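I've put the structures underneath this note.
Next come two complexes built around chain A: one with chain B, the other with chain C.
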Partner chain A sequence: MKRIIISHEARQLFRSGAFRALLLMVAGAVAFAAWSGQRSIDRQVEGANAAIAFEDGRRGKMRADTEQYQAQVAAEGGEYQFASAQHAPGAGPPQGTNAGVVGSTTAKYLRMPPTGLAPFSIGQSDIQLSYVPVSMNPTMYITKDNELENPVNLMTGSFDIAFVVIFLLPIFILAISYDLLSSEKERGTLAMILAHPISLRELMASKIIARAGVLLAGVLVLGIVALLAVGTNLDLADTWARFGLWMAATLLYALFWFAMSVLVNVYGKNSAANGIALAGTWLALVVVVPTLVSLLATTLYPAPSRMELTTAARQAQTEAESTYMARLSEYYYDHLEFVPEGDERAMDFLTVAMANRNAIEKAVRPLYDEFQSQLNLQESLVQRFQFISPAIMMQLALNEISGTSADRYEHFLNQAYDFRVEWSEFFTVKFLQRAPLRPQDYDQLPAFEYREEPFATVLMRLVPSLLGMLVLLTGAILIPFLRLRRYQVATS
Partner chain B sequence: MLQATKLTKNYGDIEALKGLDMTVEGGDIYCLLGANGAGKTTTISLFLNFIRPDGGTATVCGLDVAEQPLETKKLLAYIPEQVMLYGNLTALENLRYFSQLGGHDYSQDEYRDFLRRVGLEEEAVDRRVKTYSKGMRQKVGVAIALAKQARALLLDEPTAGLDPKASNEFSELLLNLKSHGAAILMATHDLFRAKETGTRIGIMKEGRLVDELSTGEVTHADVEKIYLQHMHAGGHYAQDGAGSA
Partner chain C sequence: MIASIARKEFSEIVRDGRFKWTAGIMALLLLTALAAGYQKYSAYMDIQRMSQDQTNAQWLNQGDKNPHAGAHYGNYAFKPAGPLAFFDNGINNYAGTALFMEAHKQNFAIGRPATDQSSIGRFGDLSGAMILQLLMPLLIIFLGFTAFSGERESGTLRQVLSMGVSNRQLLWGKALGIGGVVLLIVGLCVLAGGLALSLTGPSTESESLGARATLMALSYVLYGGIFLFLTLAVSAWAKNARTALMVLIGFWAFAGFLAPKAAVEISKAIHPTPAFGKWMADMRSHQMRGFDGVPPFVRFEQESREIFAEYGAESIAELPVYVGALRLQKFEEYDFPVFEQHYGQLRDSYTNQRRLQDRIGIVAPTLPLRSLSMALAGTDLIRHVNFADAAEAYRRDMVLKVNNYLGEAAASLNTGYGGGNVLIADEAIFAMVPPFRFDSRGLQATLAEHAGNFIALMLWLAAALGLALWSVQRLKVEED
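Coming up: the complex of A and B.
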């Protein structure tokens, strides 16, 4: 019985020009979003490659110098020496032999690899760079290049597939279902149908199933096409598991909007009233509430300005310097490269500079941590308030699934902090021992490999958002189906 | 077949139906006459379970409509004042859809046969019904009722606005259905048709059945006279009734 209605409804849908036009629009939006998401990720990858190539190139140059120097020492005899200071070109050991110089003047870019689904949801990845520099500089320098994105882009968000799913898909759903029952009633066919042994619930459910089936088949096809077109690591199980989660979340979200259509339709108002009510609901849940929550987050936990952090760092530096430096020493410190060769004091200044850096790190790290934790507070407020809007839950879920969530980024940064210590240690120890850096030492530099979070962790973080949507969906289904009992097919 | 017992329905403060008692047997064409708002449509809606009674029961073949709505709807066919169909489907597709909803399935030829029997032109069968006149749509409505093999028919002013020829054809179809033993309840304003086609006439006023006639025992003139007498009789409703009759 239901099957008849479902196939009838599906055929009716495809016969309507408006539906076909909408389908084309969604396909167009997905194609554009896929392209735009892909471009965004490509730019990140290119940026990372360029930064890595640049820094590696500089270290490569230094290494080449030491190789040349080593050959020279081997040919001319003598000792492979430690370069204490800048020489005129060609004279003395090259700077590349000085671990302190190499460590402070070159950086190592660490990269958080995008997941296979990254182009689907850009998330915050446009302001939280997926590649960060690590050097002997204090921790705060790791994220200093973040938030450099064009502010207009930040306001509007990026046009990715997540945007299409969260913003446009509900409009499409509401467009094909806002007059689910009211149109039949207005057309007069509702009475014709209900004169047959069909219950209203059965009719409603069949109509929804037809639409949801058509829509979700479309979403699945578009999703797979998009994944094949812009996804990466298609041979990894991880990518497909994430894709499955993506589809599950989209299903929940889509069903929620269908349920809203049903909910509005059981009140027996006309199609125009239903349309207005649903447009209002969309506006409230997708636009207004998320904006308010974000406003609340930034008002309650204002993001500390990076300027303040930088100023504080300067201050700490000044303090550190004033305690360690005498006047003359300061002069030398400012002109390290001119300190005469063999001057013991020059070495001291380099050491002092290292010590200063250490002091600055100690002084600024608490500020930096506070800065980061303020950002985390905003994030956790959004996490807590997500349950009032399925759009927020969906955004969080999709970021999580695509690996562009704040939590995954924090996981990456923590690894970067750890690596900074390791990286600094390598150069500091060599420097303090005045051990000249040889070409083969360059091969021993600490390597960074991003450790992905266990998939179970990702799943655990998804639970609140998905469960929240499920609860909301269940409520949105239950209310109308209980209320349908009172639906008046005929009015006086 | 169709039986109303103390059937009562209120819309807010307005009593639309005040304890209606009536019976329509198989082979009967029972015509409900009465001014607009007398409760004719309400009665039909109650038999279809489109609305819920506030008192009394409506039964179809002994089954309570409110308690077994799906069972009773298998026995009923309904032809409203405007038979509304899916405009982008052909007559045959509409007929097939509604028949399947009723739990029947026929062959292509059988569907065509139903449409031929109700007098729909051959060329119209495969045309989308949005181009149809009202008369043509009413015919499809009858075809749907025929295909459903209903034991009881509920008709709500089905011939309103039809030209005399179409109206006459419609009456022929009703007589045909009657001869198969269906119980037919028809709300109408057409006194002439009621006398011509109907076997019994019920006159409703302000939610009550005020008179019942057997068409065999009265003339056309009698029907009109009795009807108008009732409309003019009593209270402030008289003018309304006369106005719309």
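Coming up: the complex of A and C.
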């Protein structure tokens, strides 16, 4: 009997024009989202490549100059010398021999590679750069720049697959299941069906199985097609593991919304009332609660103002300047080209400039740490409050799975901060010793390789969100299951 | 007759128990949003004013140094929030707040609040504007989808029409009744918010606050009207109440959630925003090779004869101004066209994207309303661009002033260069650069740019009204 109902329901669904139209819309939305997610990631990669090529190119030019200089020294005799820092091109050893100049005027761009599933959930990757510059400049320069996206576009947010799953999928689910029982009741067919050897629970389950089966099969197919189309690193187990997690999360989330439909249906109201209740639930859980949680987080743990930080950094700069520099030094500080060639002082000015930067770094660092700690407090509040909305849990989970979460970004930045120390150390030592940089020194520059987090760490961070959804889902199934006993089959 | 229908509709809704809940939640959210918005707005403005004053003082008290070094020390422009930002925060979370103005470089405004927020912030801000843009239409749909379909199902439609009421009268009566309820909820909250605001006193110099608020209210009334008549049209047209509800919710989700994001992606595909790395590399290499392909140092050498001739001099020794300062200023000017081209290209892509998104508003009324609302609140892209332009103009003036001063005061350095003879500027000299002040372009310029959006809303209202009239004209009295 159950099987008959399931197959009947499935056939009915496919015959209904509205359902086919809905399925087509889901497919269209997924295709559109995959396309736009892909564009977004391509753009990031293009930007990273250009930035890396530009800065590496500038260092490459300096290396070529030293090569030429080395050849010249070898041919003409004489000593391979250290150049004083200058702004204007001039005679003498090339600037590339001065480690201080190379280290402070060129940067090394470090990149965090996108995961295989990155186009699925853009997260904050449209604002935060996935490639950051490291140089002898203070740490704050690493995160100074943002992606150049139009603020209106950032405000609106990405049309990525995460959006389709979190926002649109529930609407489609509710549209095909909001009148699960109520429509049969209104047509008077419910009493007739129940005259057959089937219980109300079984009927309900059959109807849901038919709908969920059809829809989720569709989602699975669409997901695999999307992965093959826009996913990368398809040969890596990591990508497929992430995809499996993605499917599991989507399944939990979709079933939650089916359960909500059932929950509303067992209260025996008419179809229109069910529709209102479900639309209201969707609005509350997907739109209102997340904005409220965000409001709570930013109100309880507001980040210090960037404006205050700016003026504080300037204060530190002024103080550093007045302590470290004589008036004459200040004059040369920004324009080393005014220093006569070969004047020993030129070195001192770059040294002073570096000492100065150090002072600023020290003064401003605590302020920057405060930003990170407030942000961490906000994130942990969101972690705690996520359980009141499956949409929040889902967004956190999908960002995590796609590798666009705040935690992974912090993991990347910490590596960049560590690398900055190593990188500037290389140049500082050579500079302070006045050791001329030779072509072969350029080959010894510290290399950066992004170390991915262990998969277990990612899984651990996913557990609360997935578990939360599971608990919510169980609750949403249990309540109607118990209540169905009291369902009135016919309108009185 | 219309009045009594409206009265009946009004009291029927208000007496409904569900109404109290819906209205209560709606009012609570709206008041929360307004209060939170106002609190954030005033905190932001306090810090903005304080920081701007501080940075001006820092400029003056930066210590005695070479005037050009002073220009390197530079100055900051901090962006004011916009007169109605407490209601509609617009792009403020996603646009920079602090713009560094220094010698040689044009900069972006940095410090976007969104980067200091949890990723959940991307769900959006709970603001008055968000509630009126997304929740108000849903409220209208809930209150109105049974207006005709429900009466038909319960059989009262035949009775009403048999009493000699025309279909149109019925439409207007119902529109007035439902519209009245919505206005009651929203209007009361907005009034309460406005009252609280006027009591605590808006701290901005008004920036035609009254006109902005009036136009804002008008836009939202138009927007509400669109959903009201669409709801009535669908209610009259649909076979039954639940079909009406599904169609309306579908449209609401499309207009409020799907269309804006789709419009953004489409506009990005047609007018791509360059990636930061690509844009930065392009601009800096352009700067290095020179605007016309002649690097700055070479160009200065090539043009030096003409440049000296402007001062009636043939060699550096004859120059009445310091050649170092002259060169600094020339280099500065060589970069202008490079900046204009690359920053301009970026700004054009933003502007084109925004215009295209507005045009896509023809299929979803939320888009033109959103644009209009941000513009009237002073939290839109145009104002941000104006701010960046003002900062760049200020930067150029600042650099020119210090370089000119250096040129004149250090003229003797041309001949007698040597250690020790170095020019130092003090507070009195730095005071020749006035403090930065941002005067946004007036309301009129905003309106001119957004006339299209007003027209789009009007067209939508006319279409919705036409649809409603057409639907009630062929209103079926009985269910099939």
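Methods note: the second predicted complex is superposed on the first by the 480 of 492 C-alpha atoms of A that agree within 3 Å, B and C clash if a C-alpha of one lies under 4 Å from a C-alpha of the other, contacts with A are read in each partner's own complex, and residues count from 1 in each chain.
As a working rule, contacts are C-beta pairs under 8 Å (C-beta built on N, C-alpha and C of every residue); 3 or more make two chains touch, one makes a residue touch a chain.
No experiment lies behind these values; they were computed from the predicted model shown.
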item	value
Which superposed partner A:192 touches (first chain B, second chain C, both, neither)	first
Partner chain in contact with A:105 - chain B first, chain C second, else both or neither	neither
Which of chain B and chain C A:279 touches, first, second, both or neither	second
First (chain B), second (chain C), both or neither touched by A:72	neither
First, second, both or neither for A:358, with chain B first and chain C second	neither
Which of chain B and chain C A:12 touches, first, second, both or neither	first
First (chain B), second (chain C), both or neither touched by A:322	second
Chain B versus chain C as contact partner of A:144, first or second or both or neither	second
Comparing the two partners chain B and chain C, which touches a greater set of residues in chain A	C
Overlapping contact positions on chain A, where the chain C interface meets the chain B interface	none
Complex contact set, residues of chain A against chain C	29, 32, 36, 39, 43-44, 46-54, 88-89, 109, 123-124, 127-129, 131, 143-159, 163, 167-168, 171, 175, 179, 183, 270-272, 275-276, 279-280, 283, 287-288, 290-295, 297-299, 303, 305-311, 314-315, 317-318, 321-322, 327-328, 330-331, 333-335, 338, 371, 374-375, 378-379, 381-382, 391-392, 395-396, 399, 405-406
Parts of chain B lying in touch with chain A, wherever the complex brings them together	11, 14, 16, 41-42, 45, 48, 50-51, 69-71, 73-74, 76-78, 80, 82-86, 88, 97-98, 100-103, 144, 148, 154
Contact footprint of chain A on chain C as seen in their complex	29, 32, 36, 39, 44, 47-48, 50-51, 54-55, 58, 61-66, 68-69, 72-73, 76, 78, 90-91, 93-98, 100, 103, 108, 110-126, 130, 134-135, 138, 142, 145-146, 150, 241-242, 245-246, 249-250, 253, 257-258, 260-265, 267-269, 272-282, 284-285, 297, 324, 346, 349-350, 353-354, 357, 380-381, 384, 419-420, 422-424
Complex contacts: residues of chain A adjacent to chain B	1, 4-5, 8, 12, 15-16, 187-189, 191-199, 488-490, 492
